[in-house]
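Consider the two complexes below, in which chain A is the common component and chain B and chain C are the respective partners.
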Partner chain A sequence: MTTPTTPARVRRQLPTSPWLFAAPGLLVTGAFVLYPFVSTLINSFTDRRTLLPGRFVGLANFRELLHDDMFWTGLRNSTLYIVGVVPALVVLPLLLALLVQKNIPGITFFRAAFYTPVVASIVVVGLIWVWLLDERGLINSLLESVGIGRVGFLSDQWLLLLSAMTVTVWKGLGYYMIIYLAALANVPRELHEAAAVDGAGPVRRFLSVTVPAVRSTMVLVAALSSVAAFKVFSEVYLMAGPSGGPAGEDTTLVMLVQRTGTGLTGRVGYASALSVVVFAVTVVLMLLVLRADRREEP
Partner chain B sequence: MSLLEKVRPGRPAAPPGEPRPTGRRGGSIRAGDLVWRYLLLLAVLALTVGPFLWQLSTSLKGPTEDIYSSTPTFLPSHPTLHNYARVADTIPVWDYVLNSLKVATANVVTNCVGSALAGYALARLHYRGRRAATLVFVLAMLVPVEGIVIAQFTTMRELGLNNTLVGVVLPGAVGAMNVLLMRNAFRKLPYEIEEAAYVDGADVWQRFLRIALPAAKGTLAVVAIFAFMGAWDDFLWPLIVLSDPSKFTLTIGLNYLHGTFAGDERLVAAGTVIAVAPLIALFACLQRYFFRGVGEGAVKG
Partner chain C sequence: MSMSRRTLTAAVFALVLPLSACGSGGDGGGSADASGKVEGDITFQTWNLRANFKPYFEGLIAGFEKKHPGTHVKWIDQPAEGYPDKLSADAAGGTLPDVVNVSPDLVAPLAEAGLALDLDKVAPQYKSDYLPGAWASHQIPGKRGTYAFPWYLNTGPLFYNKALFRKAGLDPDRPPKTYDELFADALRMAKESGGSVATLANVPTIEDFGRYGVPLMNQQGTAFSFNDAKGVELLTKYKELYDAKALDPQALTATPESSGKKFLTGAVAMNPGSALDLGNFKKNAPSLYRNIGITDQITSTGHVNMYVMGVMVNSRTKHTAAAVAFAHFVTDAQNQMSFAKKVAIFPSTAHSLADPYFSKEDGTDETRVRVAAAKSLKNAVNYTPVLFSDQMKTALRNEVAKALQGKESPKAALDNAVSTANRLLKQG
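The block that comes next holds the complex of A and B.
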């Protein structure tokens, strides 16, 4: 390492092209992310099936979408998911972060424990909740013992969707809690002290000091959680079954993509058109949230 | 909510015993607040960890115990490991564990190597097209996986790799997010150190392996942990690419177990415990890195 560079030494070096460093990453990303992205766009204009090459069919897939009841069901459920999940995921993790923020004895244990649902696989989480919400499961036993009676959480179309949303919120709490913790660490303590001197109570201080200070983080959480909510798959798939519950009424858009496009008879072209709708809505959501952020910036 | 706010939120590093600005309520409230805080913490603990414990309890209940009793019993009266043996009789659960382990290990290796190399190229090497290369990873990070799984599936078919574990690994082999995380880590290192090594005659591989990589090993650990967890937990992609039950990973196998034997919750419970226990153990050991990774990755990534 201490010998100065000589021409002879340079010639003995390993190949040093920067592209060699970037190559594995670029290859994988190009072949398995960007190429599939482009081919999704192209396939959406064809009638390609898994085993058959496609023909160009113009906008036929998109026209068919407009008359496909299942598409509208999927779009409705994915949209409802945003409405149900995002407000809870913006507010509850913030409260949780405030609860675990102060360094009191044992707090690292609580932080880690609250994060456990994030670590667990969605399949494990889904199956645990299927068991909890079962007709004969723990929650129904408890409801019966307090005289409410058993509730068909997994058999009623709307309750099933609500149950899946609850699971999504439950699994996401810890993740967004950590994001809020990072944001709260940057809130100057003096602001709270000044507000306290001015006689502001805890609720007032929360609304006039904490919320404005973490507002941009709330927007970030809203953006992340709304995009994730719109693309929901696993929770509903596990709780409602592959066909999407009673008469498929709980199908979400991504479930429909999976169901339509896979298997040996999969309609790749049509599923690609559905995917394009997923992209489009995702992009619009991101832009909406970011624009809302900019407009409110002082 | 108001309870929660009674304790003045302060910085974690707040010096203890600092006099409060007004002393409006004195020190006794503080102790009361602490009690409320712990009660709330315990309530949330029951909500977040309770379901896992209930699942564990179900998995340990013997065949003669009524797991559907209307007054739930939390502790098994005759605890047994019998259900774990029965899972193995019903589905080849240890093969599935092995498949998941292979996929997760491969994912860790490819992500660590690939994202360290690419991250270094983006952060420290100079060449035409560096910005374009960076843009490739930024764009890739923005593409939602859910929207391209069908095209990934057809790509795998074209390569003859569907229904193989290699096919499960490849699409996430070098995560764009991980590349950008490593790039940020390398950018933070002071240039002077590498310049000194350069003057001493170290070539680019030596500078990368002996100087840059050791200095970024914290971020590399985060990449490794998340790669392992992501692969171990993934559901949608293996569900699409794997069709042969002997190739299933654990998550897909569990879904299969649930579908086939929905009647016996003890079995499903034992299966989920097998799937989640290693992850919780790993997490318990490495939780410091988790929190750093989530904080950095999500906010800045």
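The block that comes next holds the complex of A and C.
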């Protein structure tokens, strides 16, 4: 009996061919992910400017940012963004998904309507909200007509941040709702029926059946939304303006990276150090969320 | 045979090395001698001019190509928004066009990086074609040379809403002429309107400090000095306006565009602008246009603020002679005059402002603005120091906002702004 053998030519090609298949992907990843990442890391230890090559300065940029008030303002605002936005984005889309889960006539319209902000351009969304919240905008006119008076949504430091968070939540609701809808579709109906037979009301069924069943999805949503919240840029930039709100008090870390590192006189080295901090915090956030998930695993 | 470690390393280097060539540095070649034959393909970049002046520039380019057979000019236009970022990306990526429309503060970092051709060296024969002040506008303190041909100059009047002046009991035919009158009228406007109409919509910028008579830099151009007593006085006055709602509450985050909109909707009574704005008022706010008042910029120095545009030649161009010739052609007296007749700008070439076009009124608001602006340009000043970078502008703006909100005293705020600006100046 002879053992079937792979021809020598084929055997030689096999180990190389996976690399050839992977090459386009590797090239793109290398050029647009790996290279910028390594380059940022290297730049963070230099005093490089946009047009002038930098010198190695060791940890000077990191030391400087510890004494930079704007860095602490940015870190505070980015952290506040997580605190303000993530709980809302974990809970509200779930409730919304429960509402639109039911197959009643016209429900597709509502599903589409809730999803519309997700596909709308953030610039358009931002501008619409700026018009609504302006000192002379629709919301202030309504507040004035009921005797409350005009509110400085876009001129007060904290209200501005809150307004930007509202926009982020409003825009993100539909996206996370879709994720929850997929998770809810996998919750066995029998569990609900059994709970109902045992006398559990809708709230009890939600807490004892639905929430445990979609817990992993909730962790995923928390992880995704916290990373996105920490890296927020567009909403705050559009509503607070390029200066980052009054006296720059609404600046987030990513806005600070953009402001510091761009333009003809941009401090690329310093902005890279800020980016490295954003990256490190993001990694820590992901690890924390994943660890929390593992700990709650039954 | 599996892929060896050496092969993998080579592949990674092959990937990374070409990329590392990106970014600044690297001599792109090109001669710094403009005396050769004017020929070759060059690129010319303008700053948001295609939408309104396409036929003018096409004619201009055709005229140059006809005058210099063997040349071809490729015209690129970039939007106004983010123009400095686009320039920095091109400069860092080695794709800066051969001839570029710039302002003096954009030229400074490009010249520092060796990307702008020194015209005093390669084209000194053209110096006498321009107004001496305009030629000097593209020079950089502490550095020899002139780094762009001066192009058009612009200044603008102050527009005011006569209806709002009337409503506040102010004489619509007697707008404020001095800072004291401006502050007094603004406080009255806020009081009479119950705080719903502000007179101004922007916090003071570096130009405002200059116009108020604050020395912006020391004589040597090595340190900023706008934190002196006069600077503190201006900021203190603005704080009074802010507290009385004579300065729009959203001024702390305003941009020129947003404050223009406020003026358009009647939320603020005065706004700086140019003759270009009249057409906008006519089209978008007819009721405002019927009540529009035009007055001179307010200044304590006797010199109004002027914006200068320039045309720079990339030092790494492969066709220096053609690029220099084209940059001069765009900015020569004849072409600047022709451009000025299409839009409310003013030529930087010697004697052009003596043309009757800039001194004879025909009774329309447009010519009134043009004649008044041309007159004030004769001793106008570009108050923005060429070394005042975007980061410095942001630092000043943030400190001004802190002072207006009462979080810092005007003196402390300006001290901080000057200290930050000086630190950034030293860092280069």
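Just so it is clear, the second predicted complex is superposed on the first by the 273 of 298 C-alpha atoms of A that agree within 3 Å, B and C clash if a C-alpha of one lies under 4 Å from a C-alpha of the other, contacts with A are read in each partner's own complex, and residues count from 1 in each chain.
By our rule, contacts are C-beta pairs under 8 Å (C-beta built on N, C-alpha and C of every residue); 3 or more make two chains touch, one makes a residue touch a chain.
Keep in mind it's a predicted model, so treat the numbers as computed, not measured.
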(request) Superpose on chain A as described above, then tell me if chain B and chain C fit or clash. (result) clash
(request) Based on the superposed arrangement, let me know which partner A:A292 touches: chain B (first), chain C (second), both, or neither? (result) neither
(request) Compare chain B and chain C by how many residues of chain A each one touches, and report the one with more. (result) B
(message) Going by the contact rule set out at the top, does A:P53 touch chain B (first), chain C (second), both, or neither?
(response) second
(request) Have a look at where A:G245 lands relative to chain B and chain C in the superposition and call it first, second, both or neither. (result) second
(request) Return first, second, both or neither, reflecting whether A:G266 touches chain B, chain C, both chains, or no partner chain. (result) both
(request) Considering only touches as defined above, state whether A:S155 meets chain B (first), chain C (second), both or neither. (result) second
(request) Have a look at where A:W129 lands relative to chain B and chain C in the superposition and call it first, second, both or neither. (result) first
(request) Pick one for A:S141: touches chain B only (first), chain C only (second), both, or neither. (result) first
(request) Looking only at the overlay on chain A, choose which of 77-85, 113-121 or 239-247 in chain C hits chain B. (result) 77-85
(request) List the residues of chain A that touch chain B in one complex and chain C in the other. (result) 16, 19, 26, 30-31, 35, 50, 134, 136, 262, 266
(request) State the interface residues of chain A toward chain C in the complex, per the touch definition above. (result) 12, 15-16, 19, 26-27, 30-31, 35, 38, 47, 49-53, 134-136, 152, 154-155, 160, 240-243, 245-248, 259-260, 262-267
(message) List the residues on chain B that touch chain A in their complex, please.
(response) 1-2, 4-14, 21-22, 24, 34, 37-38, 40-41, 44-45, 47-49, 51-52, 54-55, 58, 68-72, 110, 113-115, 117-118, 120-122, 125-127, 129-130, 133, 136-137, 139-140, 143-144, 146-155, 157, 170-171, 173-174, 176, 179, 197, 199-206, 208, 229, 232-233, 235-236, 239-240, 251, 254-255, 258, 265, 268-269, 271-272, 275-276, 279-280, 283-284, 287, 290-291, 294-295, 298-299
(message) Help me check something: in the complex, which residues belonging to chain C touch chain A?
(response) 1-3, 12, 15-16, 19, 24-25, 84-85, 87-88, 91-92, 106, 109-110, 112-113, 115, 248-250, 252-255, 258, 265, 267, 389-391, 394, 397-399, 401-402, 405, 407, 424, 427-428
(request) Spell out the part of chain A that touches chain B in their complex, as residue ranges. (result) 1-6, 9-10, 13-14, 16-19, 21-26, 28-37, 39-40, 43, 48, 50, 95-96, 98-104, 108, 110-117, 119-124, 127-132, 134, 136, 138, 141-142, 144-145, 170, 173-175, 178-179, 181-185, 187, 189, 192-193, 196-197, 202-203, 205-206, 210, 217, 220, 224, 227, 231, 233-234, 238, 254, 257-258, 261-262, 266, 268, 271-272, 275-276, 278-279, 282
